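Structures incoming, each one as structure tokens.
Below are two complexes that have chain A in common, paired first with chain B and then with chain C.
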Partner chain A sequence: MAQVEIINVTKRFGKTTALDNVNLDIKDNEFFVLFGPAGAGKTTLLNTIAGIYLPEEGMVKFDGEVMNQVDASHRNVAMVFENYALYPNQTVYENIASPLRSPLYKQDNETIDREVRRVASLLRIDGLLDRLPHQISNGQKQRVAIGRAIIRTPRVLLMDEPLAHLDAKLRNYMRSELKEMQSMFESTVIYVTHDYLEAISLGDRIAIIKEGKIVQVGTRDEIYYTPRNEFVAALVGEPEINIIDGTLVKENGTSYIKLEMKEELVPLPDNHPLTKTLCEYDTNEFHVGFRPQSIDYTFEYKEGYLKGSVYNFESLGNKAVLTVKVGDTFLRTLAPYDLRVQLDIDIYIDAPITKGLFFDSQTTELIGSYDDAKVNGNGTQE
Partner chain B sequence: MKRRELLINIVKHVLLIIYALFALFPLFWMLLISFKSDAQMFNTTFIFTPTLENYDAVLLRTDYFRYFKDSLIVSTLAVIVSLLAGVPAAYALANYEFKKKEDLAFTILSFRFAPEILVVLPLFMIYQRIGLYDTYTGLIWVYQLITMPLIIWVLRGYFEDIPIEIEHAAQIDGYTWWQVFLKKLLPLIRPGLVSASLLAFIFAWNNFTFPLQLSGTNIETVTVASLKYLASDTVHYGQMAVAAAFSSLPAVIFALLIQKHLVRGLSFGAVKG
Partner chain C sequence: MAKLTLKNVYKKYDHKKKRRKKDKENDYFAVNNLSLDCEDGEFIGILGPSGCGKTTTLRMIAGLEDITAGDIFIGDRRINDLHPKDRNIGLAFENYALYPPLTVYENIAFNLRAKGLSNAEVDERVKRIAPLLKVEELLNMRPAALSGGQKQRVNIARAIVRNPDILLLDEPLSHLDGKMRQQLRMEIKRLHNEIESTTIYVTHDQLEAMSLADRIAIMDLGVLQQFGTPSEIYDNPANEFVASFIGEPPMNILTTTIIHHENDFYFTFEDSELRIVVPQRYYDIVKDGMKVRVGVRPTDIYVGGPDSKGTPVRVAVFEDLCTERRIGIRVGDELVMLITEDETKYEQGDLIRLEVNGEKTHLFDLETGNRIQ
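And then the complex of A and B:
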């Protein structure tokens, strides 16, 4: 149980900068997710918090206490590693008991036995205690690794992509398991993932990290509805957001936006602060993002809808992604999984401008959206 | 189909038996002549009057066990010294990044390249000067050329196979670096440790050039002592055979022991499937 502060942390490996002036403030007992693509520095940040790496610059504080000079074993953190890092020559029982046998957290045998069995039954691995790590499945290994981490009450529980090496079915199962377990961890959890579903389903707050820098920190709604830039918008959401070029046109005192695939001009709502912002912007070129689920489609002609053709249909099990080709633009939209559709047939789509996210075409930063109801708080910038 | 398999099996076994005869025949021959008297040495092959005279002469009437003890002391201590210095060195070469790391590793390996005969003469003169000639210390030291590279290179591979996360996990579990090393890493490298040590021991035991040149009358290893049976007038083949048979015993015993430990892979599957 600790509040974790990361202040101006920079970590370099030789000439590469893995973490670039990172600042985070993680609340006590929060389930905090570090989310980003591979190689973004997520694991490095986790290792820096654990004390495995020392940052070249900056401070790591637990409850206001500077931890830079405290080594990994004395920080009282626990960690679940991506590759589980179980001791291969020790049984599941000994693996889980390991922290309580160390000189630092030493307990008598009776306590160890009681605690190991408590944790094992919690994680439903009580039948495996005598096995060696190579005799159990990946999902079970993962639970053993969690067991080893939660057998004592660490100040911070660090989890490094614990679900990454599980097969899809097990991953979904373990994700909901983890969510249930969240309450019993009773400590601050920092969870690293590159999986968007894990990030939004588990995280109280999510930090998006790219190339060693924190891009945005926010709740799942904040990062979904007000992504700070196109990178965040593309990272959050499955299938990926459609980003389309748009040009602002002013005619007879009304502002229109011309989208790249559409001949006609789309009027922008009057008296909306965003319209005003867009009009006063120093460029006419914008990027407009449409989430696939906000793009409507029909196979019958409909007034105001754009004609295109079905380019691809990819079933994802419980839903499907329909890729529509309009002119030279490809748009992804969501469809029911049981839709029967032939390729190249005509389709009519509509992307309501009120659902669009407007980005600066140069910096790719978010300017705003007309979807007022969803904007219930701006993503904090750090 | 079945008949074919049977045939293949028979051929396989016949070939293996031929190889076994081929490989074991010199040893068998050595045992054979160890039971022959000097008189029957050259005029009999398989049919002769067996005698224990050679065993009596070598084991009871010479200092054979002293040579055996010398060999044991020198080889064992050489391996222990190699382990004390080599295990940390192997760990460092596996886990730390430092300048010229590969060059250093290669230099260590290259000690094994130099023909012993090439370096032994200058070593002899140096040893004479600094008083290491004919001492345990001197031999143990020079044996490091044989034992150390082997131990470092085998164990480096073992350390590299252990994911660094295991060390991190143990640190986070509350172990100090030494405890991590002793309690978590050492058990994982044990197969390598055992097999490399035994192999190093055998190499040290079998060495002939170094003890021949660098030791005199104080310390005589079995390999050098075997020469004693080559007298200027006669060659006691029977006695030599006894000495050789006994001196090869540790090698044979350890080779049989190693077999079990040579099965690598304890640390494979350590962290993944």
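And then the complex of A and C:
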């Protein structure tokens, strides 16, 4: 249990800057996710918090206490790794008990027995205590690894891609199980992943990292509905957001947007602060992002809908992705899994401008959206 | 382009030196009595976990493995004893195996030149195929300069440039990362729509098979489990293996005891209060006290409204994935998942009433795993 502060942390390896002036304030008991592509610096940050790396600049604080000079073994953090790292020749019981037998956290046998049984029953592995690691499933191994990590209630529990090596099916299942166990963690948890489903399912808050820098910190709704820039918008959501060019046109005192695939001008809502912002912007060129589920389609002609053709159709299990070609633009939209369509047939689509996310075409930063009912508050941070 | 027919095909590896224990005991066949009819121009997916015999099947069609028993026909021609080069088959494997010193152009042209086509003919064919696979810009480059996705495009171009009767693709996307994979998956589908070659596509990824194939052959341990269109396989899986292999997240499958109570039958579960009404269509086959496996997909379970008669259960997991929400409940020791697009947010421990679409339940035999009815 600890509040974790990362203050101006920079970590270099030779000439490479792995972490570039990172600032985070992680609340006590929070489940905090570090999310980003491979090589973004997620694991480096985790290791810096654990005390395995010492940052060149900046501070790591637990509950206001500077930890830079505290040795890793005395920080009272626990770690769960991708490969679980259980002792193969020890039973599940002994694996879970092992932290309480270490010199630093030594407990008497009676306490150990009570604690092992308490944790094992929470994690539904109380029937497996006499087994060896090779006699249990991957899911059970993960629970043993977690049991071992939480038995001595560390101040901070660090998890480094614990599900990354599993196939898609098992990964989904174990993510759900991990979510179920969350309430048992009486520690601040910092969880590293490159999988957006894990990030938004598990995280109370999510920090998105790119090239050693924090791009955005926020709740799942903030990240999803108000992504700080196009990078974040594309990272969160499957299938990926459609980003198209839009040009602001002013005619007879009304403001319109012209989307790249559409001849007609789309009027922008009057008296909306975003319309005002767009009109006062120093350029007329914008990028507009549409999530696949906000694009509507029909196979019959419909007034106001754009005519295109079915470029591709793919089932994703419980739903399917339709790729529609309109002129030279490809747009992804969602369809029911059991829809059966011929490629290249006509289709009519509508991308309501009120569902669009407007981005600066140069910096790719989010300007705003007309759909502001979804999220209150601002998910961005400097 | 041609039909492909497999008739009672067997394959047994004869490891004289290191015979595996399993083989000795079971007289193990890598492919066991496989029959498939692939129509002209059809896209067939062969799907299964590793070791199920899918690649062995492909290799027998290509002529890279002997056929232990049975016959394979391309059109009306029996090809069992035909040399691989005479079968007129195009092959692309997972690893691209391009010739490193040759340009992309020469890699694609290689087989045509080997056949002795004139320069003009070669040029005409390469230039026709290149745009289909979007490699026309790459023709003068060498393989080392290409990305994984580009290499696989060249590899597939090389396989189809000879106008093969049958195109065989063995896990062509498994080396590629997420985005590239999606992109090329889409292009393979477009390509097939364009050239309409009979295609056999081997994969262990159910999503790939479901999104590409006209029909899917699912194999396990050398035995064909089911052969049908993606919707047949999804809606009417032949057995528990197929049911759990297809779909993401997978079908919930539980052992149930059926009880009879006041003119109705119910599915009941060990260590759980949950009761689900057995749909009428099963009334001919169910009996009081019968034990079966019952399966239901996460999209066919719902949270009931205020006047729901469903069993009240506690939410064990609530996952908000922004575009959809998943709710997990514990039935005995099993985690049962449901998917909803309803935007209500739940907390762990909340009481909900569970409704199951009875028409979408599947029954499987407890012993054999085969579909009942």
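Methods note: the second predicted complex is superposed on the first by the 363 of 382 C-alpha atoms of A that agree within 3 Å, B and C clash if a C-alpha of one lies under 4 Å from a C-alpha of the other, contacts with A are read in each partner's own complex, and residues count from 1 in each chain.
Everything that follows uses one rule, which is that a residue touches a chain if its C-beta (ideal position, glycine included) is under 8 Å from a C-beta of that chain, and two chains touch if they have at least 3 such contacts.
Note that the structure is a prediction, hence the values are computed from the model and not measured.
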Record, for the superposition on chain A, whether partners chain B and chain C clash or fit. fit
Is A:P227 in contact with chain B, with chain C, with both, or with neither (first, second, both, neither)? neither
Tell me which partner A:G289 touches in the superposition: chain B (first), chain C (second), both or neither. neither
Which superposed partner A:G203 touches (first chain B, second chain C, both, neither): neither
Check whether A:E177 is in contact with chain B, with chain C, with both or with neither, and answer first, second, both or neither. second
Look at A:P55 in the shared chain and tell me whether it touches chain B only, chain C only, both, or neither; answer first, second, both or neither. neither
Quick one: smallest Cα-Cα gap between chain B and chain C in the superposed arrangement, Å? 7
Chain B touches which residues of chain A in the complex? 47, 50, 52, 71-73, 77-79, 81-89, 98-99, 102-105, 133-134, 138, 148, 165
In the complex, go through chain B and note every residue touching chain A. 163, 165-166, 168-176, 179, 184, 187-188, 266-267, 269-273
Looking at the complex, which residues from chain C come into contact with chain A? 185-186, 189-190, 193, 206-207, 210-211, 230-231, 234-235, 247-250, 297-299, 316-323, 326, 328, 333, 335, 337, 339, 348
Counting only contacts in the complex, chain A reaches chain C at residues 124, 168-169, 172-173, 175-177, 179-180, 183, 197, 200-201, 220-221, 224, 236-237, 291, 293, 311-318, 320, 323, 337-338, 340, 343-344
